[in-house]
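After this come two complexes, each holding chain A, first together with chain B and then together with chain C.
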Partner chain A sequence: MKLNIKKNKLAIIIFLILGVVPFFLDSYYLNNISYFMCWSFISLGLAVIWGMGGVLSFGQTAFFGLAGYSFSVISINFLGVAGVGIWSPILALLVTGLFGLVVGYFLFYGGIYDVFIGIVTLAITIVFETFMQQTAGPEYTIGLARLNGFNGMQGMPTIGFQDLKFGLVEGITQYYFILFIAAIILLSLYKFKNSKTGLIFFATKENRDRVASLGHNVQRVQLMAFVIASMLAGLSGILYTNWGGYITPSSMGLVSAALPVVWVAASGKKDFLSVFVGTVFLVWLSQTLAINGAQFAIITMGLILVIATIFFPDGIILMLKNKLIKKFKWLQS
Partner chain B sequence: MIMLFNIAYQFGDALSFLLLSAIGLAVIFGMMKIINLAHGEFITVGAYGTVISGKVLHLPLPIAMAVGVLVTILFGLILEKLIIRHLYGRPLDSVVATWGISLIVSQSFLVIFGPSYEGLQTPMGNFKLGDYSYSEYRIFLIFFSIALLALLYILFMKTSFGALARATIEKPEIASSMGVNVKNVYSVTFAIGAGLAGVTGALYAPTMTIVPSIGQAFIVSAFITVVTAGASPFIGLVPAAAFLSTVQTSVTFFYKATIGIIALLFSVIIIIRFLPKGFSGLISKEK
Partner chain C sequence: MATILETKLLTKKFGGFIALEDVSLSVDQGEIRFVIGPNGAGKSTFFKLVIGFHTPNNGIILYKNKNIEKLKTHERIKLGMGIKFQAPSVFSELTVLENLSLANNMGKSFDLESLLNDFSLENEKKTLAGDLSHGKKQWLDIALATLSKPDLVFLDEPTAGLSFEETEKTGNIIKKLNKQGITFVIVGHDMDFVKQIATRVSVLHLGKIFFEGSVPEVLSDKDVNNIYLGVG
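And then the complex of A and B:
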C-alpha cells in the first residue's frame, strides 16, 4: 500500500497527533480515547455501504453484537490454548463476515432495495436483541460459555494487551493497537474507494440498471461491500468487548442501532476521515453528556441527527473540514 | 372443538396485533413512501394519552382512548410541519430523521414520566371455555382491527378524498396545477397515519405495562408486516398479517414466544427472497 502524502495531509496530521498524545495523557484519558476509536469501525462500515453505495443498513449493531458474543464464546471455550488472544478475534470476525454474507445474499439477490434493506436489517438486530435477552437460563450455554441473558456476558479472557506494557502508561498497547488498525482500515478504504470494484459500487448508488447494463455484476459488488461493512461492524464489536470485558443484548437494540447512523450522518457519510473524526468526537460527546443520565445524551444525539439531516445533508464534520482546507490552502491536495 | 377455538383465538390475537401494529406505518408508507421510524413513539403517545386522561382526568375508557388518539394526531401534525415537510422527495433522509425523532421522544418520555406508569384495567370480562379462559376485549380487538382496515380501504380507495390523496402523492406538480393544496394533503395523510398509530396505542394501553418503550414492542411486528405486505399495503396487509400470524401461532404453539418472533423474521426474509414485491405484488400482479 503506497501512501500519497500530498493527497492526505490532513489525515496524516490527525494520525500524527493521535500518535503522540499517549506521551501527554494518563491512562484514564488514554483508555477513553481507545474506547472512542473502537466505535469508529462500525461507522466506517456504514460509510462504505451508505455513503458510497447508498445502501442504508439500520442493523449494523447486529454484526457488532454477533462479533462481540462470538469473540466471548470462543475465547472462554478455548481459554489457555496457545495464541487464543490472536485467533479468537479473527475467528469471531470470520463468523460475522459469514453472517453478513448470508444476510447480504438474501437482501441483494432477493431484489430488496432502499428503505426495505434498512427495515430488514433493523428487524434482524432487534430480534437478535430479543433473543439474547431471554438466554438467562442454563440451557443457553455454548460449550463452557453461559450467554447470560439480559445481563450479558462478562469476564471473557481479553486479547492480552495487559501483558505488554513496555514500562509505559497502562493501556498504551491497546491504544496503539487500535490506532494502528484504524490507520490500516482508513488506508484500505481509500484504496477500495478508488479501485475498480469501488467505483462500480459507487456507480450503483446513482443507477443500478445502467451499471448492470454495462456488464457489471451489481449484486456481487453490493454483496462484497455489505460483507466489508459487516466485518467492520464486527471489528468494533470485538474491540469494544475486549475493551470493557463485557457485551450485553442492549448493544443491539433500537437505540444502539441508531447511534452509528447518527455518527455517520452528522459526520459526513461520503468522507471516511470525517466519519472517523466525527465518531470519536460524538462518542466523546455522548459520554460527557451521559454523566447527567444516558437519556440526555440520547436526546442530544437524536437532535443532532434531525438537524444534520435537514440542514447539513452532507455532514457537519465534512463541512468543517472543507472550511478548514479553504482557510489553510496548504492542506489542499 | 375447544382446542380448535383455542387455536383460532391465538391466531386472531396474533393477527389483530400484527394488523394494529402495522396500520399507521402502512398508511404513511403506502401513501407517502416514508418509513416512519418514529411509529413506535406515536403508539407510545397514544398509550400515554389514554392512560393519563383515564387516570388523572378520570375519563371513562372510550373517551380517554379518543383523547389519546387526538393527542397523537396533534403530535403527528406538529412533527410534519416542523420536520417531515422539509424531507419530501428525500425518502432515505426522511427515514433517518424520523429515527432521530424516535430517539428524542422515547427518551423524553423516560425523563418526564419515569421508567413506568400505573396502567389501566383491561375492559370487558373474561369467559371460560373448557379449561381455558379468554379475554372478551381481545376478541373485540380482532373484529375491530379488521373493521378499521376495511374502513381505511374505503377511505383511500373509494372516496374522493382518497382519490385526491393518491393523485397528489403520485404527481404533486400536476395536482398543484389543478389547484390542489399539496401541503395540506400531505399533512392530512400524515396525520391519519399518526392517528392510526395512536389508535393502536390507545387500544393496547389497558392491556400492557405502561413504559416509555411501550411502542417498541410493536415496531418489529409493524415493520415485518409492512415489508411482507409490499408496495400497496391496503391490499397486502391482511394476507401478510394472516400468513405471519399463522407462522407465529404455530411456532409459538410448539416452542415459545421468542422463537415465534424469530420464525417471523426468517419467514419474512424468505418471502421477500421469492416475492420481492410482497403479497400485494402477488395479488395485484402489476409491474
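And then the complex of A and C:
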C-alpha cells in the first residue's frame, strides 16, 4: 500500500500530532480520545456507502451493536481459552460482515433503493434494540453469556495478549491501537476510492442504469461496499465494547442511529479524512455538552445538521480543510 | 450477411396497455438500422426490452443466435453490446478520462488519443463531464458505448438536442465506427439523420412493425408518410 506523501501532508500531520499526544496528556484524556476515535469507523463506513455510493443507511448501529454483542458472547464463552482476546474480535467482525452480506443481498438484489434503504436499515436497528431490551430474563443466555436486557452485557475480557507487557488493548496501548487501525483504514479507503471498483461504485451514485449498461454488475459492487461499511460499523462496536467493558441495547436505538448520519453530513461525506476528524470532534462536543444534560448534546447535533445541510452541503470540516489547503498550498503540492 | 439480432413475436404489456405487440425484427451484421415511429409507437419500449431494462410478456430475443431475454443488462453487454440512452448519461462528477475508464473495454486494447480525437474530446481529458457542452456529452456517451468495439451498439436518440453541424458530425462518427465493424440499431426520429446514415429502416406504429425497407422505400411509401411523416 503506497502513500502519496505529497498529496496527504495534512493527514500525515494530523496523525503525527495524534501520535505525540500521549506524551503531553494524562491517561484520562487519552482514554477519552480513544473513545472519540472508536466512533470514527462507523462514520467512515457511512462515508463509503453514502458519500461515495449515495446509499444512505440509517441503521449502521445494527452492525455496531451486533459486533459488540457478538464479541461479548464469544469472548465470555471462551474465557481462558488461548488467544481468545485476539480471535474473538476477529470472529465477531466476521459475523457482522456476514450479517451485512445477508442484509445487503436482500436490499440490492431485492431492488430496494434510495430512501427505502434508510427505512429498512433503521427498522433493523430498532428491532435489534427492542429485542435486546427484552432479554433480561435468565432464559436469554447464550452458553455462559447472559444478554442481560436493558442493562446490557459486561464482563468480557479485554482484546489483546494477556501475557505480554502492553499486550492488552487498554490505556495507552488502546490509544495507539485505535490510532494505528484508523491510519490503516483511512489508507485502505483511499485506495478503494481510487480503484476501478471504487470508481464504479462512485458512478452508481449518479446513474445505476448507465453503470450497468457499461457492463458492470451494479448490485455486486454495492453489496461489496455495504459489507465494508457494515464491518467498519462492527469495528466501532467492538472497540467501543472493549473500551467501556459493556454494550447496551441503547447503542442501537434511534438516537444512536441518527448520530453517525449527523457526524458524516456535518464533516463532509465525500472526504474520509474530514469524516475522521469531524467525528472525533463532534463526539467530543457531544460528550462535553452531555455533562449538562444529554438533551443539550442531541439538540446541538440536530442544529449542526440543519446548519450543515443548508449552508455547508459538502460538510463543515471539509470546507475548513479546503480553506486550510487553499491558504497553505504546500499542504497539497 | 449473418443475422446479429433477432426478435420474434416480442410483446410487452403495461397493465392493460399493449406497448409492443408481436414485433419480429431481424438485424444483419454491418447494418445501421433505424427504428423510427411517431410518439408512443413503442420505440423506447423496444429499446428497453432489447437492453434488458424490461422483461417481455411474450416472444424471444436472439443475439448471435443466443437467447438473451433472461440475461441482465450487464450480462448482455459482456456478450458484445453497447448502449447509449436518450439523454446524455455521462458521469458529471467525473472527468472525461475517468468516464472513459469506467467503460468496460472487455480486455480489448484501444488507442485513447485516436478515440478522443474522433469524438473531438482531445482537449477536454481532465474536464468534468458535467461541464461539457450538450453535444460533447452526447459524443462522450457514444464513446462510452463504443469503446470496447462491441459487435452491436444501441443508440437511443443520439442526436437529440444537437445542432445541424453536430448531427452531421455524429453521423460521420457512426459511419466510421460502422466501417470498423460495429452494427448499429438506432432509435430516432430525425429524418435528415436517417437519410444521412441509415442502411435500413423499421417503422413502428401502435406497437407493431408497420413497414420495413431502405431509406428511399420508406420515404416513398404513402402509408408511412401518412402516419409518421405527416405528408399525405
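A few notes on this one:
Please note the rule applied: the second predicted complex is superposed on the first by the 321 of 333 C-alpha atoms of A that agree within 3 Å, B and C clash if a C-alpha of one lies under 4 Å from a C-alpha of the other, contacts with A are read in each partner's own complex, and residues count from 1 in each chain.
Going forward, contacts are C-beta pairs under 8 Å (C-beta built on N, C-alpha and C of every residue); 3 or more make two chains touch, one makes a residue touch a chain.
Computed from a predicted structure; not experimentally measured.
Once chain A of one complex is fitted onto chain A of the other, the partner contacts of A:K196 are limited to chain C, with no touch recorded for chain B. In the superposition on chain A, A:T309 contacts chain B only, with no contact to chain C. Between chain B and chain C, it is B that contacts the larger number of residues in chain A.
In the superposed model, A:K326 makes contact with neither chain B nor chain C. With both structures placed on the common chain, the touch criterion links A:V120 to chain B but leaves chain C unconnected. Shared-chain residue A:T130: touches chain B; no touch with chain C.
In the overlay built on the shared chain, the residue A:L214 is in contact with chain C alone; chain B does not reach it. Those residues of chain A whose C-beta lies close enough to touch chain C in the complex are 196, 199-200, 202-203, 206-207, 209-218. Those residues of chain B whose C-beta lies close enough to touch chain A in the complex are 35, 40, 83, 86-87, 90-93, 95-97, 99-104, 106-108, 110-111, 216, 219-220, 223-224, 226-227, 258, 261-262, 265, 268-270, 272-274, 276. Against chain A, the residues of chain C that register as touching in their complex are 51, 53, 72-74, 77-78, 83, 85, 89, 91-94, 98, 101-104, 106, 144-145, 148.
The part of chain A that touches chain B in the complex is made up of residues 54, 56, 58, 106, 109-112, 114-116, 118-120, 122-124, 126-127, 130-131, 134, 254-255, 258, 261-262, 265, 293, 295-296, 298-299, 301-306, 309-310, 313.
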